[in-house]
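Before anything else, here is the set of structures, which you'll find just below.
Below are two complexes that have chain A in common, paired first with chain B and then with chain C.
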Partner chain A sequence: MNALETIERRSAAAPTGLPEPSKRTFLTGRRMELFEKFPRLYWLVTRRWFQFAVVVPNLLFFYAFLIAGVFGSPVGNRNIIIIFIWILWWFALITALVPFASRVWCTVCPLPFFGDWIQRRALINVRTGRTCGLQNQMYGLNKKWPKALSNIWLQNIAFLGLCTFSAMLVTRPIVTVWVLGSLIVLAALMAGVFRGRTFCNYVCPISGFLSLFSMTSTLALRSKDLDVCAKCKTKSCSVGSDKGWACPWGIYMGKLDRNNYCGLCMECVKSCPNDNIGLFLRPAMSDTRIKGYDESWKAFIMLTLAAAYSIVLLGPYGIVKDFANVAEVGDWKGFGIYAGGLWLTALAALPAAFAACVWIGRRLAGRSDLGQKEIFLGLSYVFVPMGLLAWIAFSFPLIMINGSYILNVMSDPMGRGWDLFRTAQIHWSPILPEYVGCIQAPLLFLGAFYAIRAGYRFALEKTGTPAVAVRLAAPVSILVTAITLAFLKLFVG
Partner chain B sequence: MRVMRQAMFVLVVVVLFAVAGVWANGRSADEPQTRIIHMTARQYAFEPSTIRANLGDTLVFRLQSADVMHGFYLEGHDVEAVITPQSPYVELRRPSEPDARPQKVEEIVVTADRTGKFRYRCSHTCGTMHPFMMGELVVAPNRLFIASSWGIVGLTAGLAGTALSSRKKQNGA
Partner chain C sequence: MARKFSDLTPEEVLRVAIGVEIANGERLRTFADMFSQQSPEASSVFKEMAEEEDQHKAVLVARYAQIYAKLADPLPESEISDVLEAHDLQDAEHFIFDDMDARAALKAVLAAENVAMDFYRRAVPTAATDELRAVYAELADGEADHVRRVQERLAAQGMRDAG
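Showing the complex of A and B:
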């Protein structure tokens, strides 16, 4: 079956070594199924109009922001597009949505709206029919994305590229308009050519870090009983039915064991004839498998960027700010140093340091039968909790220092002297700025704790003996500690 | 139960490390002194970008701008000033008294009466990178930093300790 081919990479083989409860699932440990607990939630997400209803308001806001970005003040902190996207949205995304609600942003994201319509020619209803092995009538060319690009390398490079220019992106409304505008056009074009959410899966720059960090989330959509999926004749979640569209992300529920590539569109919940899909609350940092170098490198890139932004944007070093702010300063040599340093650290130096730690760990453990690649991939997960918490620590000052801008631009979204809610003139007033560090230090602590614990657990699983596991994980744990110390120095030192 | 015991153990180690770190490094040896700081603001940095002081020091800021109008907001010390180019005077206001009239002053005197890192930020929109224009005042002994960095080392040690002690139990069984 065509549609199932794309899935392979998204999921592992069936779980082994699980206890034999009445129901087999990919979730181990404590969990609570929310659809059962809150029938209204289940009712809501199974309405055909659900996604339309949550996307459209977002889409309208999005357009309003783009208009403000084009016609409003060119000064970033006086324009709603900058304040709402790079302060409010970013803060909500990284501190709340991703850690507690997985990729729920993708449920409400306005970017693929037109693309979905091009493929479906329907906003609410579902069309039955047959397209490339799916049980839905789909429009557009429905081409397959090349196998060589069926990974997140493109996203890694695109994201790093975009972030190299972030000092311009987050301070100049027009740059933000260009980037978001191009994404919306690209998403629509790609939807016309390629099947489903190829854009989301392989191109969207936001998607890369959403996929990586959604692994940490306390929310997960999973099959409630894998045996039901195994016996299921229709596989409607994957190929669609008269109740729901085929999974736009190419997922078959019987194999979905991680959050990474599920956009929580809820189509499968509607289409599954066996009511076998659950939305689970579970402990944080539950998905722990990195499945390819592309994902490891995403983790390196995210951690490096958190450090780079903490230095460039939150640090006292004017010269680095000048380097990064090349559009105004025009120092291309300086920008070259900055960009080169960033790319080299993210793509080579940090991975090399990590690879060395893995290699030393294998030596210390005396287990040369454990392959370098296997241990490298497994342990590279430590940068996921660590990176997430570093990003959260980085993001707190954004809102605590500049939160009052939100009130300003609500009254004067374009920086044109309006005063809609009488909040335009509120003086810039940071909220307890001297205590930001007291929030950041514990967050970094938590990141280090989760990272070291995850590294050890993986090592224990591989070696079976605590003493050997400690040795295998020790160098990486020391690297984690050192990086955490460096972040502490930046934030509170 | 075992998890609880392990968590308690790690927590105790972290706290012990943090307390030991602050005990060993948490006092300042120097006598309090007066530091006069000639601060120049430019797009988008302050010079000096970092000021190190000790608890009890008196800091006298003389502010000037090398280009456009800037602000000077010192976290945790109730200071906010507007710096005008080519003027030795700044307009000082206290964020805690939003309705009071700003005063024209030549220097701003601050007592370093709390420890830690306090950023001084531009508070007057001065261009694209304005929100990120800042410098750092670090007042020693920086207890938060000492405690948290020793605590991190304690965390690593504590976690290693719990892992290794679980071996003993396995061997004993």
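Showing the complex of A and C:
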């Protein structure tokens, strides 16, 4: 239900003496507003220096990592850029930040730092003025991004491309330097030409999966009362004010009902004149609406990659490892087979299997009046919780097996024989490897549970009858179960 | 504390209706400004609609004067908890400016006018007095007229787009 429908219902109901209207938000069920609960948090995020203060330390680390990548050891597990980014950062991001704090990584991300400066020519203060309908003075060309590319297809392809070469990326520091360095330069160049965070919205390869998996998060920034937004005469959250920059992601809070494209920069919290934006704690997996095929395919890609990485890095299939690791092994033909299989599965085979399940479900339910596209998009959400939990299950052994390298590189970040904190010589020792399966199996089951539940709920919403809903969602639920069992076989044996 | 619409007297209902027209004019001018460079055609639709709201307000002020002789201040919509009529943006994500064109602007206006018409229509049978019922009905008719006019514009715009 969109905001307008909600408003219509409320407005229409009011004169008939229905219960006193309470504040309406897009959040349903239990929730806690954190700014009210923790006023210091509100104070903190409304300081003008807030984002600068959280980004700059991260930027310094990032810069140090790049230096280590260029001048440090070319051996991956002896260089901090590899261990901290591809093991520690990835693990923290996928197991904690995204599920519990949505896109909070984007709050502290250093990649758009220079781009933001190019557009604002200010690090802390906000500039008032007029630029393309915004109430802030902005610099740069402020061009519109082409409509045909205003989706996440580019991100899908860029991410799949990067991940295809991940064996190089996660073992060779200089490759990581090139990739991250290019992203920071591209973000800055794009900020000079296009308005706001066009790079983040449409190009950043990290953004695609952050947007998809942030739907599952227990944290959400939302309008506290949609009626206040409807009546608001300034829409300062979108256009900015003397207190805050216009939303760099081009969001309107009064209609925002999911996390996907909010970078949690907190500018809207500062600029809203009605103090109408809240940071809510809510049940996991609350946003369930997939809006387009680009988002569905992101879900297919993420699930396929979780499977591919699990096979390559954790599975017993040496030949697949060799195929993927083209940089070391040099088997380009094998790599072609691996890459082709990966792309084919992510972009065609899994979507085709899913589409077939949707089609069969519609037939079983006797509801061919429900459009294939509508049901395809709605049910494709099942791969969001499932994909996230599969990625978490994959990431645990990564940190449990390689965790001791973190201590090593903290003392010797460049692999040059330093021993800053006396941890450089700690021998490699996996952390409780015998328990890996005990962690992975429940995570996979949890993913399947959330997926099947979401599929059923969507089907019920569409059909209104439990028995019909079960039939509509059944083939997709079977697919989810089969994939979960395949993961289980891979992880636990 | 904002009051409920259903608690207002007939005189207050008219005053708040005037207040809502004023607020809508301001909102539509904000939109006209917001989209002035990204979509000049949407901007001019919003400008025209803001002028229409000014005219609606003038009609209501005249009606008020006719019934109550002396014009009191409008009652600001912020003093009422209900949303009677609020022109709003429909888009939330990915640069909300991108999908705004003349058609989308008219649809946004139409949505708000429909809400208002529906609101007053449903209020009619709930009115405690005949006088209040008459005011509600008059407001509902006024909004129905606005709906019809915006629909006509939308149809004309559709033909223009298709042509």
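Everything below uses one rule, namely that the second predicted complex is superposed on the first by the 472 of 493 C-alpha atoms of A that agree within 3 Å, B and C clash if a C-alpha of one lies under 4 Å from a C-alpha of the other, contacts with A are read in each partner's own complex, and residues count from 1 in each chain.
What we mean here is this: a contact is a pair of C-beta atoms (placed from the backbone, for glycine too) under 8 Å apart; a residue touches a chain by one contact, two chains touch by 3 or more.
Just so you know, these numbers come straight off a predicted model, no measurement behind them.
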Original post:
Looking at the overlay, what does A:D369 touch: chain B (first), chain C (second), both, or neither?
Top reply: neither
**OP:** Check the residue A:A467 against both partner chains and state whether it touches chain B (first), chain C (second), both, or neither.
**Re:** first
Subject >> Partner chain in contact with A:K235 - chain B first, chain C second, else both or neither >> reply: second
Original post:
After lining up the shared chain so the two structures overlap, which partner does A:R172 touch, if you call chain B first and chain C second: first, second, both or neither?
Top reply: first
**OP:** For A:K147, select first, second, both or neither according to whether it touches chain B, chain C, the two together, or no partner.
**Re:** second
**OP:** Name the contact category of A:I251: first (chain B only), second (chain C only), both, or neither.
**Re:** second
Original post:
Where on chain B is chain A touching in the complex?
Top reply: 42, 44-47, 49-50, 73, 75-76, 95, 98, 114, 116-119, 121, 123, 125, 127-136, 138, 142, 144-145, 148-149, 151-153, 155-156, 159-160, 163-164, 166-167, 170
Original post:
In their shared complex, at which residues does chain C touch chain A?
Top reply: 4-6, 23, 26-27, 30-31, 33-38, 77-78, 81-84, 86, 88-98, 111, 114-115, 118-119, 122-123, 126
Original post:
Tell me, which parts of chain A touch chain C in their complex?
Top reply: 2-4, 7-8, 10-17, 20-21, 132-134, 144-145, 147, 150, 195-196, 198, 201, 227, 229-235, 238-239, 249-258, 260-261
**OP:** Flag every residue of chain A that touches chain B in the complex, lowest number first.
**Re:** 75-78, 167-168, 171-172, 312-314, 316-319, 321-322, 325, 328, 401-402, 427-430, 433-434, 437-438, 441, 444-445, 448-449, 452-453, 456, 460, 465-467, 469-470, 474, 477-478, 480-481, 484-485, 488-489, 492-493
